[in-house]
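Pasting the structures in now, so scroll down.
Each of the next two complexes has chain A plus one other chain: chain B in the first, chain C in the second.
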Partner chain A sequence: MTGTSSDARLITPTMLGTWLVLATVPFWISAVGLYPYIGVEIVIWSIYALAFNLLLGTSGLPSFGHGAFFGVGAYAFGLTQFNIAANIWVSLAGALLAGAFAGLLVGLFIAHRRGIYFALMTIAFGQIFWTISVKWHSVTGGEDGLLNIARLPVNLGVVSFDITDNDALYYFVLAVFAVVVVLLWRLVNSPYGRILSAIRQSEVRTAHLGYNVWLYKLSVIVLSAAFSGFAGGLFAMAQRSAFPDVMNLAQSGLIVMMTLVGGGLVSFWGPVIGVIVFLIARDVIGAATNAWMLYFGTMFVLLVLFRPEGIAGAAKLIAERWRNRSATPAVLSSETRSG
Partner chain B sequence: MFDLLPHLLNGLVLGLLLALIALGFMLIVGLMEQINLAPGSLFALGAYLALALTGPKPPLPADLAALWLRVPIGWRYGIALIVAPCLAGIVGIAVEFCMRRTYGKDPLYGLLLTFGVALVLEEILRLTWGTRDHVLPIPQSMSGGFIFADLIWSTYRFYAAGMAAIAIGLVWLLIEKTPYGAMIKAGAHDSEMVRALGVNLSKLRLGVFVLGTMLAAFAGIVVAPIWGIRPHMGVDAVVPAFLIIVLGGIGSFWGAVIASLLVGLAVGVSGAYASEWSLLSMYLLLVAVISFRARGLFGKKSVLEV
Partner chain C sequence: MALIEADGIHVRFGDRVVLEEINLSVNEGELHGIMGPNGAGKTTFFNTLTGSVRPSRGRIRLDGSDIAGLDPHAIARKGVARSFQIMTLFNDFTAQENVMVALPAFRARGFDVRRAVAGDTALADEANAVLASVGLGAKAAISAKLLSYGERRALEIAVALAQRPRVLCLDEPTSGLGTDGTLRLADLIGALKGKLTIVAVEHDMRFLFSLADRISVIHWGQVVARGTPRELQENPWVKRSNLGSFG
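Take a look at the complex of A and B:
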């Protein structure tokens, strides 16, 4: 998206830096007053937010029912583990495929829509999945949730790691996160990703250039749903259970909020920033008051009003101003807009 | 067939109540050209304000409160039915002023802004009144039940349906029979042209927004004795309301009313066969209709599609 030389690389300096910083988290997280499990949550939700941003930021498709895919993945992880094989790779593949299948099912109905109609249809489908998860007691456990999901050992053929400990789990999800980031970065910067960006800018023009817009939109919905389902599988494993509430409208709205607060519209890393800010704010403000949503919601309203590009957008603007101050102050380079 | 009668009637009543909820949204979505979740919060706020006015502890100085509590409940309920929507309308003015920055931008921003506002208002409701369910006291003559065709019917449901029908009728009169209605309809169709003809569009938008929020708050009070009052009730109302607007076609009065009745009947009748799953029927109805009629039952091409 930025149009610099790092687009073409497999691994960028930003990625390396992010991984290194995240890898040190277990050493200091307790010292700053947080608890280790929040690291696991941040990494898993980051995967989810990056997958979601494939639709919102890259392709310009506002999905307000994305929790459905996350939840489907969570249930699929548990159900695969109980009914097919208690192997972590099989279960995670189950989560990924279930997410992809749900995405295909929804995509067939909504891939030809855009804008607000797209958003409204995703709300309706999100509610359908949520209702099913609440009511289909024999499979999902209803409101009680699907319990006793195990943190299965990571079997690498030669060696096998135990991840029941939170620190071990953290390093496992971080390794998975690293792989997902590389995959998504390549995807966004591939010719395929460029066409998705073109669809975001003008669907009509892209269609007139001869691209099958419907197929691109359907495929990106499936991809985004698959990665969201995968994140849902990890989440079910981390909290050892799956509940319907991740699928409801408010939770689906939260992922939109996180992505926008971070700046998913202007930056690949925006969703990750948003997740970090959101989850830490939830814990810090939540510990200080019993109405954290009041403060976070107010912040969000102000953000949408005055800085809709989010934290990453504001940072870019400041960096741009700083550069321009030292060079020629009057001329705004075109990079501000291309970002 | 006769076994279905209670379900059909319940569905019809539900449909009228849903129409009442959806109308406020319909007016706002049509004219503002953006999706707006705020009426959901004001729906809840209206119910809570009515609770404050009719409940055992009104937010007044002790002497006044004692005096107020001596007024018969029927009068207090009637006054709340008028005063609470007006108070909610004032909050609506504040929300509309916030929203002005998002006009003309991607409709997504309006949706996001009001999502944030909804979260904040819900949290305020939770802080003020707590998370537990409340019951809105209603006059003796409206509560209770009666027996008809060997079945017990709740009296209040019919009063509520009646109030909904009256409000729907008044909105119809406003939209179809007054010059304001003509401006509202024209504004929803082509706001630039309306402005060029000398109508103060920002005043018109403010007026419609306040009217929409007042309708939503009124709907909240009417529905409260049936669904109960809880902080989450705004979100519970928003989803069916939008579904109805999309189903009926954005900007269409009769579309919204007929879609509401359809949804009510679908939920009511499916409740007869599979009560667990009856809520699912409205989503399936939407998917089925939208797959064949992309703009809903009575929809015309709208600005929101771009």
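Take a look at the complex of A and C:
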């Protein structure tokens, strides 16, 4: 993660390219035999995966219960819409804040943990939130879920857009995705982002440099949960409903898998690549066989065994080899370790 | 005047007493060596000074104010920096980035998310100056994991220096270095002598005796001898224990 000129930019060429390609999706998606709604899913899950990767890739905090925050956001989107105001911005803010609050609650219990203990605690909290969503029938609708969530018009003051149509919804979530990408890119390349990365590499050293590691970890848990909740809100709107299953352990595992497959450990864009590969594989392989997870799971195992840095990591390696093909071999330093 | 002072430090792990009544006073600008056999409690004492171990009793005063029992980050903020025996560098960062995050100017912006780090020439220049001072001026852009062992040892010290500490604690700085590397490190630390207050735990007796103003010998969790290198060479305990037989 060496500093390069593009790290300092607000908007990078890669961002522009990604947005541009994504913007053309509705024009060709049906032609290549995919269901158009997959575009909406890819963009929303990409926001979720990028938010999740703030913890896993940037800060080295393995969360296996992240579905809780996504789910809390989904319910909050519906509940604010039903009980506070039928305004899309109020509902999205509700999803964001509910995610942040859930993150704070969980973070207070786990921010001093790391590694396997951190992971186990996130699973436990994920299960708690899932159980609440199933049992608290009067609020969440229990197993039946929260139905009739509306795709509220996008009110921009002077104009208002209707997003009940899937293509319109797609462009709305794409615009939101663009904003989130800019924010998160800046965040990971800011001093704050560097310190999160330092914490991932050595908590002990970072603390001895004068950084309150606990506070940094708590803050990034809150941020990650907030953006995950926000993505959950968009998801509830897109699906017109919220169900407990997005909070269950398997679903929480999916976001980990997508992020790792894509290469979230080594690349900002890794999670997005992972989401695209996963969802397309689901639709393409899933159309051919019900056992599609068997194939995807096999691919996951092979990837973890041979390319643990994921697709983005493999791509980086190939690019590096290509660049170095004419370079002179590195000279080994004479300084070696001795007694 | 004493800049850092340990007063009656006791450390107990369960029912095992690791440090018993350690007293130590290091003057401003002094290089104070700590030596002793393996398991004597040197590292535990070091960890107590820098906050990763809380003393069960006793005081540690930095410039008069008690810092015993504070968190490592709070002690670091008061101007106590440390290096690590088992190197603890940020391996995915370049040498420059390793130093940069240690700068007080960087720490002051720790929660800043508005500006990017890349392209901040003031921070980069400051980091490069620190790297140059330990002889790593040409290695700024190299990833820490790709540096040689000796270079990593130097970077360990650069990271601690970047904190602009009042007290620099070095935990076995020559650990794993060969003769050449140790000599180079001695030059580097010799150049810092007098400018900084340094507490160094060290196994290499030649290294310590040539650099230290005073040395404390810790054994069985207690200071068993203390004095200038010359005094210590005459100390019967040191002679008997073979610790002084470095020539």
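Brief remarks follow.
Assume the second predicted complex is superposed on the first by the 325 of 339 C-alpha atoms of A that agree within 3 Å, B and C clash if a C-alpha of one lies under 4 Å from a C-alpha of the other, contacts with A are read in each partner's own complex, and residues count from 1 in each chain.
Methods note: contacts are C-beta pairs under 8 Å (C-beta built on N, C-alpha and C of every residue); 3 or more make two chains touch, one makes a residue touch a chain.
Computed from a predicted structure; not experimentally measured.
When the two structures are aligned on the shared chain, A:208 is found in touch with chain C, with no touch to chain B. Applying the stated contact rule after C-alpha superposition, one finds that A:8 touches chain C and leaves chain B untouched. Once chain A of one complex is fitted onto chain A of the other, the partner contacts of A:297 are limited to chain B, with no touch recorded for chain C.
When both complexes are overlaid on chain A, the residue A:192 reaches chain C alone and has no touch with chain B.
In the superposition on chain A, A:42 makes contact with neither chain B nor chain C. Comparing the two interfaces of chain A, the one with chain B and the one with chain C have no residue in common.
Taken together, the chain C residues at the contact with chain A in this complex read 50-52, 71-73, 76-77, 81-82, 84, 88-94, 97, 100-102, 104, 106-107, 109-119, 141, 143, 148-151, 159, 163, 176-178, 180-181.
If you check the complex, the residues on chain A that touch chain B are 62, 64, 109, 113-117, 119-121, 123-125, 127-128, 131-132, 135, 249-250, 253, 256-257, 260, 290-291, 293-294, 296-298, 300-301, 304-305, 308. Against chain A, in their complex, chain B makes its touches with residues 34-35, 98, 101-102, 107-109, 111-113, 115-117, 119-120, 122-124, 126-127, 235, 238-239, 242-243, 246, 276-277, 279-280, 283-284, 286-287, 290-291, 294, 304-306. For chain A in complex with chain C, the touching residues are 1-5, 7-9, 186-187, 189-195, 197-198, 201-202, 204-213, 216, 219, 333-339.
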